Amino acid sequence: MAKMNLLQAINNALIIAMEQNNKTVVLGEDVGHFGGVFRATSNLQQQFGKARCFNTPLTEQGIIGFANGLAAQGHVPVAEIQFADYIFPAFDQIVNEAAKFRYRSGGQFDCGNLTIRTPYGGGIAGGLYHSQSPEAFFAHIPGMKVVVPRNPYQAKGLLLASIRDANPVLFMEPKRLYRASVGEVPEEDYELPLGKAEVLSEGSDISLLAWGAQMAVMQQAAELASKQGVSCELIDLRSILPWDVTTVSDSVIKTGRLLISHEAPLTGGFASEIAATIQQRCFLHLESPISRVCGLDTPYPLAHEKEYMPDHLKVFEGIMRSVEF
Amino acid sequence: MAKMNLLQAINNALIIAMEQNNKTVVLGEDVGHFGGVFRATSNLQQQFGKARCFNTPLTEQGIIGFANGLAAQGHVPVAEIQFADYIFPAFDQIVNEAAKFRYRSGGQFDCGNLTIRTPYGGGIAGGLYHSQSPEAFFAHIPGMKVVVPRNPYQAKGLLLASIRDANPVLFMEPKRLYRASVGEVPEEDYELPLGKAEVLSEGSDISLLAWGAQMAVMQQAAELASKQGVSCELIDLRSILPWDVTTVSDSVIKTGRLLISHEAPLTGGFASEIAATIQQRCFLHLESPISRVCGLDTPYPLAHEKEYMPDHLKVFEGIMRSVEF
Amino acid sequence: MPKNITKAVKVVHQVDIIDNGLIDIPMLQIMQADGVIHAQATIPEIDKELALKMYDTMQYTRILDERMVAAQRQGRISFYLACTGEEASVVGSVAALSDQDMIMSQYREQGALAFRGYSTEQFMNQMFSNELEPNKGRQMPIHYGAKELNFMTISSPLATQIPQASGYAYGQKLAGQQAITLCYFGEGAASEGDFHAGLNMAAVLGCPCIFLCRNNGYAISTPASEQFAGDGIASRGLGYGIRTIRVDGNDIFAVYAATQQARIIALAEQCPVLIEAMTYRLAAHSTSDDPSSYRSKDEEARWADKDPLQRFAAWLISQGWLEEQLQTKKVESIRQEVLQELKRVEKVPICKVDEIITDVYDQPPWNLQEQLAELKQHIAKYPEAYPKTSGRL
Amino acid sequence: MPKNITKAVKVVHQVDIIDNGLIDIPMLQIMQADGVIHAQATIPEIDKELALKMYDTMQYTRILDERMVAAQRQGRISFYLACTGEEASVVGSVAALSDQDMIMSQYREQGALAFRGYSTEQFMNQMFSNELEPNKGRQMPIHYGAKELNFMTISSPLATQIPQASGYAYGQKLAGQQAITLCYFGEGAASEGDFHAGLNMAAVLGCPCIFLCRNNGYAISTPASEQFAGDGIASRGLGYGIRTIRVDGNDIFAVYAATQQARIIALAEQCPVLIEAMTYRLAAHSTSDDPSSYRSKDEEARWADKDPLQRFAAWLISQGWLEEQLQTKKVESIRQEVLQELKRVEKVPICKVDEIITDVYDQPPWNLQEQLAELKQHIAKYPEAYPKTSGRL
C-alpha cells in the first residue's frame, strides 16, 4: 500500500500496463516528455521511449482515428483527450468507428483494445469548456463501455481493467479530485470489475446513486439526512455503460426510494436512463417518484458555477422531498 | 391545397423561405445543381442562384462550422447533412459552438438563424450507416432545438418555423416517408409551433407517444389494441427539445399509462428522459410502469432489420403488457 | 523543408503573396491511351503471368460490375457501387503490394479484393448479406471485409479509415513488420477533417503508409472544381511534408510503378507516401444515382476513350500476350460464373437471430441478453412476421 | 493551378516521387532585429500617429500581461494567458484592417482588442466575470468578446472559429459589404480538422478572409517539430489554392505590409489569403503552465533578442518619434491604470442569478423557467451557501 492521489494512481496504473504488456501505447496532446497538462503521463516517455508514449498533433479526431487503427492492428492504445470538453471532434471516430468496428465486421476486426482517458467535470472555475460531464452522450452508444472512478484506489483498479478489457472504454477522470483525493492504493497490479456498482454504505430509507466526483457530494448530503433521521443507502455506479441494474434495483426494492445525481444537465442525462429502467423494474416498490438532482439545462457557467452545481444542499433537499412525499 | 409527398413539402418550404427572406442560404453536399441525393433541394440553385444554394466540399464539420459563421453574420443558413449517420463529424460544431454561441457571449452573438436538415431512420435496408436515429444525442444539448415531422403537412409548417426560429434547430426528416407519405399541403406560407406536441386521437386506457416515421407504427398498433378493446391516446411529440411536457403529462394523468417508442437504441434514448420526467410528475396517476418499446442496444443491422425495429407488433405487445399489468 | 523555430528560412524583403501557380505537379504516364509506351518511359518489370493476372482482375471486376448493376435493377440486391473506369488505379496499386500489407479501402476498390483472391462466392455472400458472409450480413452490399486477405472491413462514413490507416501502419512499424498499409480514398473524402488529421499524423509520426487518392472527378454529383481549388490532392501532400506523386490513374503501368516505388520508400524510410491517381468514374456513383443530370455524355465519352482496360489490352495484344478470341471465351465464362453464383447464393439464409446481439461487445451484457430473449419470444409468437429468422429460433 | 478532369496537366514519364524540398517558402522581413530597415525593403506607409498607436498598443498589452500574470499569482483572478513576444503579429495585422472587418481570434490576441479601443475597465470586467461584462461572466478569463468592436467572443475549443470565419466572410460577401474577416489561430490549432475544412471551403467558395497563423513554435508543451513535418503552415495554403505569404512575425512592418496587401486582394478578388507569422511565445502557455520543463532558457533568450517591442522601439527612436524618458512615464501610468482598475473592478458583483438561464435560447423554455424558480427558492433557503447571488434574489 502507498498513499497516492488520483493522478498518481492513474500514472501508476499506466506504468503497470506498459510494463506488463509491451503493446501498450500512450498517446495524446502533450502526454510525451511533458507528461500531460495534468501530469497523468509523467515519466512514461522517459521510461518507455518515444515510440510508446508520444505527443500527437493537436487533433482529437486524429488521435482517436489513429488509436482505432492502432487497436485494430493489435496494439493497446491508451489515448488521452486533454479535457472531456474537447472530445467532440472525435465523436464520429467513437460513435461510428470504435463502437461499431466489431459489429460491422462480424468480429473479424475490432477496436477492443482502445481506452480513452479524459478528465471531466466542474468545480474548478473552468466555465463552459473546462467543466463538462458528457457521459450521457457515450451511454447511448452500443459497443462502448464508460467508466468513472471516484478515488485513487478505484482509479487504478478500474483503469487497469479498462485497458485490458476487450472493448473500447471511455475512462472519465474527475479532475476536481486529481490532487484532492488521496488514499491508500496497493502498489501491485489489480483490477476492479467493469459493469459493477459498489454499495458504499447500506441504508433503509432511500437509495442514493451517483458516480465519480459526485460521490463526495452524496456522502455529505447523506450525513445531513442522517441528522434528520433518514437512513441512506449510498451506491457508486462506477460503470455508466453497461450499468449494474441488479445492484441498483435490489437496493431500490429494499429502500423504496431512489435519488440520482450528476453534474451534467438534467435533460437527457444518464439519470434519465436509470430512472426509466428502475421505475419499470421496481414499480410496485416505489414509495415516491425517482428523483434527479442534476446540473441545470444550460451550458456550464463560470460566475454562477456554485448555483449550477448539484451540491450537497440540493441533494439533501431532494432526499427530504423524496422521503416526505 | 396541393398533394405533395414529404420531399415536395420540404422543397416547397425551402422555396418559400428563400423567396420570403433573401438572406436564406441553402448549403450542403450535392444540394446545388443536382438538388441533393434525395432531391429535397431541387431547383433551388436554378431559381435562386449559386450564391444562395451551393454544393460544399465533402466535410460535415466544415458545413456546420461555415453555417455557424454565416448565421452569426446575420444570414439564415439551412444546412443539409446528407444522412443523419454522417452528422457526427459536425458534433463539436453543434454541441460546443452552435448551441453555446449565444450563452457564452451573453447574447452578443448567436447562431440562432441556423437550421440543420438531415434525413434519419431505418426501414430502407440501409444498415449501420444509413438508418440511425440520433435524436437523443442532440436532446442533451441545451441551446439546441430538435424537431421531427411525421407527414408532408407537418414537414412544411415545422420546417418554416424552424428556419425562422431564433435558435439553432436540428430538423430530422424521416427518410422512409420521403416519397411514401403523401398528403394535402397548403400552398401558402404557414408555420406550426415548435415545442408543441399534437394529440392525434384521444383515448382513455393508455397514452402512446412517438414522433416522425414511428407515428404510423403507433397507429397500426393502436388499431390492433382497439380490436382488443383497448382505447389508445395517440400523441406525436413533434419537438424533441424542448418537449411538450404539459400535453404528455395531461394525457398520462387521464389514461394512467404511457408507452413511448423510438427506433434508436433503448439505452440512453430520448424515451428515457420522457419516462423519467413523467414518472416524477404523474407518479400517483400511473397504473403501470411507463413502457419503452425501442430499437435494440446494438448498431443498426441490415439482415436483421425487421427484427431490430420496434414494429407495430412489438408496440402492440407492449400496450397489452401495460394494460394487463 | 520543415520550418520552425530551429530551421533556417530564406528571407526576402518585398511583399510577395504567392499565387497559386507555385505548385504545378506533373503526372506520370508510361503508357499512352492507345496502349503504346512513351518513348522516354520505362515499363515496370512485370512478367506475363503477373500482367495477365492484373488484366484478368480488371476484366473480372468490370464484368462483376455490369452483372451486379443489372442484378440490382432486377431487385435481386438492394445496392451496388461500380469501379468501372478506375480499375487500373486499384489493380495497378494492389499488384505492387505484398499480401502482408493491410488494405484499408473506401468502397470502390473491389479490384484489390479480387486480385487477392476473394472469390465470386464471397462477393455474392456479402452482397446477399447471408450467414456465410464473415461480416454476418450486417452492412449494406459492397462493404466487403476479409481478415485473411488483410483487407479491412469497409465502413460507410467517409475518410474515417485515413487516420486509422496511419495508426495501423504505426502499429506495423512498432511490431517490426515488413509490411505497410495502403489506404484508398476519393478526392471528395479528402475534404473531410479526418484526411487532414490522418496525413499530418502519418507524416509527423513516421507511419509506413501509402495514401492513394482516386481523383475520379466527382463526389456523387459534386465536380472536383467544387471540391477544391488547389492543385488536386497531391499538392496537399507536399504541404504535410509527405513524399508525393501524381499518376495517370488509367495507366496501369504508371500506377504500378509509382506504388512499387512508394512501397520501397515507405518501408525503408518508415514514412508515408501520397499517390494521386487521376481517373474518371465512368459509371454512376452507385445504383442509387443517375449522372445524366450533372454531367455530359460528351465528357463521359471522352473518358471512355481513355478506358484503362482497353488501354492495357492493346498493350498486351501488342506483346502477343492476349488473344482476342480466348478473351471472348473468358469474358463469357466469368459472366456465367457470376450468374451461377448469384443464383445459388441468393438462396442462402441470413444469420440466425441470435447474431443480432453478438459482436456489439466481446460478450453480450445483461441488457442485450434480455433483449434477445424477449425478441425470440416475440418472434415465436408472430413467426409469419419475421419469416427470415422465425424458422430457426 | 487547380487540376481536375478539365484542366491541362504536365505529363512526365519517369517515376519521380517528389521530395519535401519542392516547397520552400521564404519569409518577408522588412525590419531587422536591431530595428534597422533592410536595404532592399520598403517601409509600409505608416505615419507617426499610427506608428505610435501601434507601439502604444504593444506596450499596453505587454504591461497588461505582466500585471495580470501577477494578479493571477496573487489569486485575484483564476487564469490568464499572455501575448508576450507576439505583439507585432497581432498589432501589425489589426492595424492594417478597417474597423468594419470582423476579427475571429483564438485567445492570444488581446492586442487586436486594445488597438480597437477595448478599455482597461473592459479587460478587467471580463477577467473578473462580473455583471458589467457583456459576456455576463460565463466564460473563463481572456475569453473576450465585443460586438461593437467587431470582435467575436472567443471560444475555447481550438480551430472552431476557422470554418466559422469562412462562413462569416461569405456572409459579408453576400451582403455586399466592403469588409473582410480576419481569423487568428496558432500552428497547433492548424492540426485540427476544422482548419482543413475552413481553409478549403474558403478557397472553393471564395470567402474574403485573411487566415493569420501565429506560428509561435509551441502548442502548450508540444514543439512545432511534433506538430507538422512540412514547410510550416504556409505550405498548406498553397495546397488549397490559397494565396499565401510567410512573414517575420516579430517585424511589425512585415506583418502590417503583408496584411494590408492581403486585405486588398481578399476584397478585390473575394478570396482568402493565408499569412503565416513566424514568432515565439516568450511567456508560458498560460498561468497554468511552466515552460521550463520543455524548453531551454537558451532558446528563450535567443528569442528575447528578437523581441518585437524592442525592435519597433529602436526604429521609432531612430526616427525621433519616441522619447525614452516619456516612455518610462507612460509605462508607469499604464501600470497605475491597470492596478487601479483591477482594484476597482474586483469589487463589482457578478450577474444576478436570473442570468443563469438567459441566452441558452432567445426565450427560456419551461424547463429552464422551472429550474430557475426552484433554484431561487433553494438559494433563499440557504443564503450563506450562495453568497454571490443570495443578496440579490
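Think of it as A, B, C and D in the order they're written, each chain with its own count starting at 1.
Rule of thumb we're sticking to: a residue touches a chain if its C-beta (ideal position, glycine included) is under 8 Å from a C-beta of that chain, and two chains touch if they have at least 3 such contacts.
Because the structure is a prediction, the values reported are computed rather than measured.
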Farthest chain relative to chain B (centres taken as mean CA coordinates): D
Highest C-beta pair count, chain pair: C-D
For chain B paired with chain C, centre-to-centre distance based on mean C-alpha positions, whole Å: 35
Averaged-CA centre spacing for the pair chain D and chain B, given as whole angstrom: 39
Where chain A touches two or more other chains, by residue: 54, 57, 59, 61-62, 85, 88-89, 92, 96, 100, 103-104, 128-129, 142-143, 267, 296-299, 301
Numbers and ranges of chain D residues touching at least 2 other chains: 136, 138-139, 143, 155, 157, 191-194, 196-197, 200, 204, 226-228, 360, 367
Chain B to chain A touching residues, read off their complex: 61, 85, 88-89, 91-92, 95-96, 99-100, 103-104, 128-129, 136-137, 139-143, 241, 264-265, 267-273, 275-277, 279-281, 283, 286, 288-292, 296-299, 301, 325
Touching residues (chain side chain D, partner chain C) in the complex: 1-6, 9-30, 38, 40-42, 191-197, 200, 203-204, 215, 217, 223-232, 234-246, 248, 257-258, 261-262, 265, 273, 278, 280, 299, 303
Chain A-touching residues of chain D, taken from the complex the two chains share: 78-79, 129-130, 136-140, 143, 155-158, 188-189, 191-194, 219-222, 226-228, 288-289, 293-294, 350-351, 353, 355-357, 360, 367-368, 371, 375, 378-379, 381-382, 385-386, 388-389
Touching residues on chain A, where the partner in the complex is chain D: 29-30, 32-34, 37, 54-55, 57-62, 85-86, 88-89, 125-130, 266-267, 296-299, 301-304, 306-308, 311, 313-314, 317
Interface residues, chain B side, partner chain D - complex: 23, 25, 51-52, 54, 56-57, 59, 61-62, 64-75, 77, 89, 92-93, 96-97, 100-110, 112, 142-143, 145, 166-167, 195, 242, 245-246
